[in-house]
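We just call them A, B, C and D in the order they show up, numbering each chain from 1.
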């Protein structure tokens, strides 16, 4: 299983029936592929839709039905559309149960940086700051390291997305949570040892007595 | 012509095609009866409707289509409905061209008091404070005097509805405006002399050289 | 969303709860829910609603049964019972401008701490409130308002909880649907999922916790 | 509302105007209006839009033609030309969180001085902004945003100017319709008055100043 699939499959396990879920661009988008069909999850697209469905069949795309990246999507029966004020009212108001975003850095207090590399990448934060500030539960789905460097750091060197700590990071090596504000290794990826995770992680990880392997 | 009809007919002359107009309860409501049919005015009902029409014909009232007092109304072709946040967004945001309200007192600076008589009448301000604060033009339609006492006063003794001065008062005796913040007699009612208006008015009235009689 | 009976839904409300009730002079008010509140005698309520309606109708029934301890509303002038109870200090009444009331509820539902409004500046309404200057203009800081429960009425509800409203019965319902911990809804018509077009849904399904079934 | 040609509508916009443009990554953007802005070379614009779209599409065309002097948006990462012009200091860019952007526009349209949001507290976004504490929580004071013109796109417009939107093309259009001195609209379908049901109108007619006729 490739890294992205592993991460997406593990994140899918965090969703419950009835949840309103917002998925960021990239790995988070893949999560929809691994949600069991009997799980009734509402997916929100921040450009104004609840009830996003799969990519439309050939010839069935509509130019006015797109995701936040402008790509054609479909709408499930029972979908609803709304303006951006409502969309962010839902997000900021705590109505989104789970938001899944990509990350550049997560630090050992659970702070996320994912919108800017000063002097290099200044795309704007889009909806990320509202999503992290307002969602009930924030999950970061990202590779454990980039170019050999850990993305789970002691302290974010990049500008923060929010001072509100995230709840969970799921990487190709581990699941890390932040109970009491301290990075804690919850699970390891199949075939990855605890030692390998610790070695690949810049942040100080708390290690509970039992650290199971991810079930997917 | 009775006083209420006179006032309503004179206020109707202040409306222009395309105006969005909010009418308060009482005399203001009568204004609709005197708007020429070729004048395309949008009437807003603050409970969530633009395009209010006349009282429904016998048997055609719908319980979910009412004015702000809960009485059945009709909707003209091209009407629109919305929630209270939108309704007051329109009002506070300056999208209402003309609001017509009743008054308890108007003072010579143009301040209106119309929502409370301490110790006696404490109904709440409903939408009045937003309407006076936000509408482009505020017209007060009221009797010149109540129980022999002038309602156009030197200074309001009742709690103000807004510190924003109103634009025009239309009574059964006169039309008074507030250019530069001073009550100015603009017109007299048919058969009423300037002297009679001045005598019936507690406020100091500026008297321009020409004070025509109302045309109705 | 869970479909429940009106009895079951109202049983969840404890004495002394804060309750938002949709409607404007009884139009768009969930009468069946209020009848059951009265039947179960849920008292000492903190009620947030546009108005006090009239005796015998809408939230007026709650004053008839003396179940309200505190009221936040914009207008109570058409309900003599509510006025009497206020003047007799049986209920504490906070009267606030209608546009301010709806914005405070919207702020509560949308995760805002409050809004700055020009309405009420220089009047009795400004007493005890912070004034904030923005580009030379003075505004009142009006803070967010939330409740434990919202009792709402829709015209259409589908099996997921999507809601659409008819004509002037929309009023406070959609904003209250976002501003309460638990949202309970009656609908004139319960329809199959997909019957309400996505563009015509006003309150998206995930906001609704309980829909009252036809009995 | 007045029905006008696209040429006549855009001719009203002076050089250096502030212009809100509806749409999200080009979806719900009035392409015909933007094409005409480019043709008439209306430059030095202060543009307010959710994003910078991509070159050749939506507001991206305004960057292709170098007509933008100042941009307020939440995201420009998918338009390399806008990024280049920003990094070369040819345009002054104010990047703000999407939820804050839409609330600032809504405040401008609804007569509010601003709103208090938790978004951005403790981040770069907070720099230079007032922080306000409400019941122990810190919020940023975000002030209202308005423009001289709003260029919008609807799915349905009727002969009075009532507008309805389709699917995800609604986005910023309804809030911008309230926040500009002059509102100019293109629609995919112009229909007779009465065809859009009152409950399905999203932008009421009095908000629309100019509707572009079919040509």
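Note that a contact is a pair of C-beta atoms (placed from the backbone, for glycine too) under 8 Å apart; a residue touches a chain by one contact, two chains touch by 3 or more.
None of the values given here were measured: they were computed from a predicted structure.
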Most widely separated chain from chain B, with each centre as the mean of CA atoms: A
Which of A-D and A-C has more C-beta contact pairs: A-D
Distance between chain centroids, defined by C-alpha means - chain A, chain B (Å): 55
Chain A and chain C: spacing of chain centres that average the CA atoms, whole Å: 34
Distance from chain C to chain B - Cα centre to Cα centre, in angstrom: 29
Residues of chain A whose C-beta touches two or more other chains: 49, 75, 81-82, 88, 91-92, 133-134
Numbers and ranges of chain C residues touching at least 2 other chains: 103, 106, 110-112, 117-118, 165-167, 170, 198-199
All chain pairs that touch each other: A-C, A-D, B-C, B-D, C-D
Interfacial residue positions of chain C with respect to chain B in the complex: 24-28, 50-51, 53-54, 73-78, 83, 86-87, 95-100, 102-103, 106, 117-125, 155, 165-175, 202
Interface residues, chain B side, partner chain C - complex: 45-49, 62-66, 68-70, 75, 81-85, 87-88, 91-92, 116, 121-130, 133-134, 159-164
Touching residues on chain D, where the partner in the complex is chain C: 103, 107, 110-118, 132, 134-135, 137, 139, 141, 143-144, 164-167, 170, 198-200
Residue ranges of chain D touching chain B (in the complex, touch as defined): 1, 106, 109-112, 158-160, 162, 178, 193-194, 198-199, 201, 204-207
Chain B residues within the chain D interface of the complex: 18, 20, 42, 49-51, 75, 77-82, 85, 88-95, 97, 133-134
